[in-house]
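Chains here go by letter, A, B and C, matching the order in which they are written, and residues are numbered from 1 within each.
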Amino acid sequence: MEFLNGFVALSNFVLVPAIAYGSQLALGALGVTLIYGILRFSNFAHGDTMAFGAMVTVLVTWAMQSIGISFGPLPTALLALPFGIAGAVLMVLMTDKMVYKFYREKKSKPVILVIVSMGVMFMMNGIVRVIIGPNEQQFRDGERFLIKAREFKNMTGLDEGLAIKSTQAITVVTAAIAVALLFWFLNKTRTGKSMRAYSDNEDLALLSGINPERVVAVTWIIVAALATIAGVLYGLDKSFKPFTYFQLLLPIFASAIVGGLGNPLGAIAGGFVVAFSEVMITYAWKKVLGYWLPDTLEPSGLVQLLSTDYKFAVSFMILIVVLLFRPTGLFKGKAY
Amino acid sequence: MERTKNIGLFAIVAGLIILTGMIQSWNSALLIVNMGLISAIMALGVNLQWGFAGLFNVGVMGFVALGGLATVLVSSDPVSEAWAAGGLGLIAALVVGILVIVATGITIKKLPAGKMRLIGATAVLVGGFFLYRAVFDPAVAAIEAINPALQGNIGGLGLPILLAWPIGGVLAAGAAWIIGKTALGLRSDYLAIATLGIAEIIIAVMKNEDWLARGVKNVIGLDRPVAREVDLQQSAEFVDKATQWGFDPVTASSLYVKFSYSLLFTAVLVVLLVMAQLSLNSPWGRMMRAIRDNEVAAEAMGKNVTRRHLQIFILGSAICGIAGAMMTTLDGQLTPGTYQPLRYTFLIWVMVIVGGSGNNFGAVLGGFLIWFLWVQVEPLGQWIMTIVTSGMAEDSALRLHLLDSVAHMRLFTMGLILLLVLRFSPRGLIPEK
Amino acid sequence: MSEPFLIGDCMTGGYGNGPDILHGCTIAVDKGEIAVIVGPNGAGKSTAMKAVFGMLNVRDGSVRLDGEDITSLSPQNRVVKGMGFVPQTNNIFASMTVEENLEMGAFIRNDDIRQTMEQVYDLFPILRDKRNQPAGELSGGQRQQVAVGRALMTQPKVLMLDEPTAGVSPIVMDELFDRIIEVARTGIPILMVEQNARQALEIADKGYVLVQGANAHTGSGKDLLADPEVRRSFLGG
């Protein structure tokens, strides 16, 4: 019983939030890693792409809400998501045509493209702030919980409650669907395979008649979709605020690098590694340990390794450790 | 020809600032000059790293903030009660922390590679961490309990604030040394992410470690290297002089103080600029650029590339630290909550790229120009928006929203400027020779 | 004599705007033939082949395929015209399976590729066994087979190989040559650059000895092997 209670507490405060957060990071990191694999630069504007896609979704959600469209127990934002994706796709394709294409044709060094993406980051950040403002926005509706703590207690008779927010469940399900679709696309379709081929060996891909501009366009479309989904899920789960997406850049990059830049499977693994470390290191273990350890050993303090304010430090430390001991990431990435 | 063009560019920026003085107020103009000087110094530091050596540092904010921290640690008065309550514990914790790191290092060296090493090192690190926290936490609690409304921190050394400028540089250099040691061997994108991360961590530490510099409770009323307005207004001699020149004493005192800062900052900028120019044209500077242009060849010629990179990374970061200390001095307060990467890291990058990477004068010009635009985009946008929306109804929601959104136009504008320069004049306004 | 199927005629040129590496060099291959380019290091062997494939600036002379002038076409467009090229290095998609490599080889085709793939598997039976393995995990010789197989997937009218045996063991080399002869028997003309001159000339119908970017000797493989001057100057006696 003690053990079960401890496990439920652990699930409630660590496992469930970390799985949800990990899914969001994984989606973000997938976008970064795809850009790196195909366009070969680290895209600093990715966080703001997420913000942009999420913003369009928020605006469409509001419009739907105001004319009385709803999705029953599910958040209306899911209905608005395709519009958000379309908006983000238009945005990145336009950016690519107006900005990145020039440097691609000139075969500029990757670091120049990184600086260019900094400029794009500024502009997108500005656009989002101009349109929706810098403040926190509320757009979640529908059922708040999938399982309420009290219901869980009544159901199981345990002392500890387990609450699963519906946004957490939606996050995991949506992310799983998105990832499954992505991998099906990359591994089973001709276009997807041509993307992998281009990422693997650009010259040979050209020799094989693969059209680089098409590969790049498809990549941007997928990246915009992934970014929007990640941004909306994060916004539903926490809240929508333009600046937080910029801050997500660090854990997202950490996830992508930890997994091995350019490797999609690695990006997913990296997302969960970073999310679990962040949550576990900043969680106060007193409660769980109180259940698990014999009474004599019960900890007096909170048993919190670091305060939650240092969660960025955690992703950073993991990043450094991986870079020092395994520079290509957990899964072999493209970066040497 | 080229010289005339460069002088012309500087003259244009100077003209813009003078125009600000005539149209808006001389106070605003001097404010732009002062922050422009500080920006120019930061740009000089980043240019050293990027322009000379091709190092991609996006952690400028962290070094700037460390400089700010230095002003508090140097100039504010020591809180002796705090030292009595927790000073010993704090120092002990520091020693424990260093010992733990050393012990971890030894474990990694001594144990054979593989699982054993990983487990051993992790055990030492985790065990050491708890030991450190056991010493550290009570000391911090004791310090933060001392007069929390005003202090609750260890205070500083009570030295003149001017000393904080070089010390801010030293602090930043120390941090740069640690980062450089770990991250400089990595690819440029990794260095970028590493510096981005360390900057966030430095800010997090400054926000949360209240015992150090009061965290988000801020430290206000810092010491000043120049006169205070209030004192000036009470000095009969100053008031006389002011009225003689046709100023009212309040404006005059404010201008006088700002101008004093301008002189101080100019002195620092000139010294750093001369040093940067000398080093650029020295054998050391030429070698740096040779390494930047072809790392492999330089390495083959027996140059220790990583070591050179470490040198210049530390130097550039130190300059950012100095500028950070100067900025906090100018503000008169340390507010860790206001450090934002877009403003303190990426804006500096815009300055360097627009000014001309690899050219010290370019960096200085970029610093002034971009700072001027950063400040003036808002009123300019307001003015344009008012004209654009003049046809709309007074209370139209769109009009109000547009007028409201002008405040955020500056980010957009900075991005646009950066992209335009990168596209049409990729070497900047004053290109590298 | 009628015009050869593929000919690089009196080619002069170099990389980009760099100095000329080729000086009036002529390379040709006809239907049903294996033509081999040999020569000392730095003679411009690979360069000559790349010139035929359009990877460098041919300032003078022309390249003609089946009588059509293709001098100004990009390499990609030459692939469409029916030229298959196997680069010396990085000639496979290492992270993709053998079958996916072949599929990518046929990217420009929109018809059913299964039959061609079967033909490739018949030529290189080992690839059929390893079809679902990442190509990067195969041995050196097997990778070269993947590389050749990939190029064959476009059903090229002519196949060009840049040092196919570089870096493989002598036994594997012999096997590779056997495979190349088999490919030639299917009727595809083959033009290849070889470092191992003696073995290459033994299977060649036509040989080109290049020295400093120009033709030094031309003849059938047998004649060149018998030519005392060729033997002395670079076959080593």
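The rule is short, and it goes like this: a contact is a pair of C-beta atoms (placed from the backbone, for glycine too) under 8 Å apart; a residue touches a chain by one contact, two chains touch by 3 or more.
Keep in mind the model is a prediction, meaning the values are calculated, not measured.
Any chain that touches chain A and also touches chain B would be listed here, but there is none. Most remote chain with respect to chain A, judged by CA-atom centres, is C.
For this pair, chain A with chain B, the centres built from the Cα atoms lie 30 Å apart. If you average the Cα atoms of chain B and of chain C, the two centres end up 58 Å apart.
Chain centres here are Cα averages; for chain A and chain C they lie 46 Å apart.
Among all residues of chain B, none touch two or more other chains. Per the touch definition, chain C reaches chain A in the complex via residues 75-76, 79-80, 85, 87, 90-96, 100, 103-105, 107-108, 150, 154.
Residue ranges on chain A touching chain B, taken from their complex, read 41-42, 99, 102, 110-112, 114-116, 118-127, 129-131, 133-134, 246-247, 249-250, 253-254, 257, 261, 301, 305, 307, 309-310, 312-313, 315-316, 319-320, 323-324, 327, 335-336. Residues of chain B touching chain A in their complex: 54, 56, 129, 137, 182-183, 186-190, 192-194, 196-198, 200-201, 204, 207-208, 341-342, 346, 349-350, 353, 404-405, 408-416, 418-419, 422-423, 426. Residues of chain A that touch chain C in their complex: 190, 193-194, 196-197, 200-201, 203-210.
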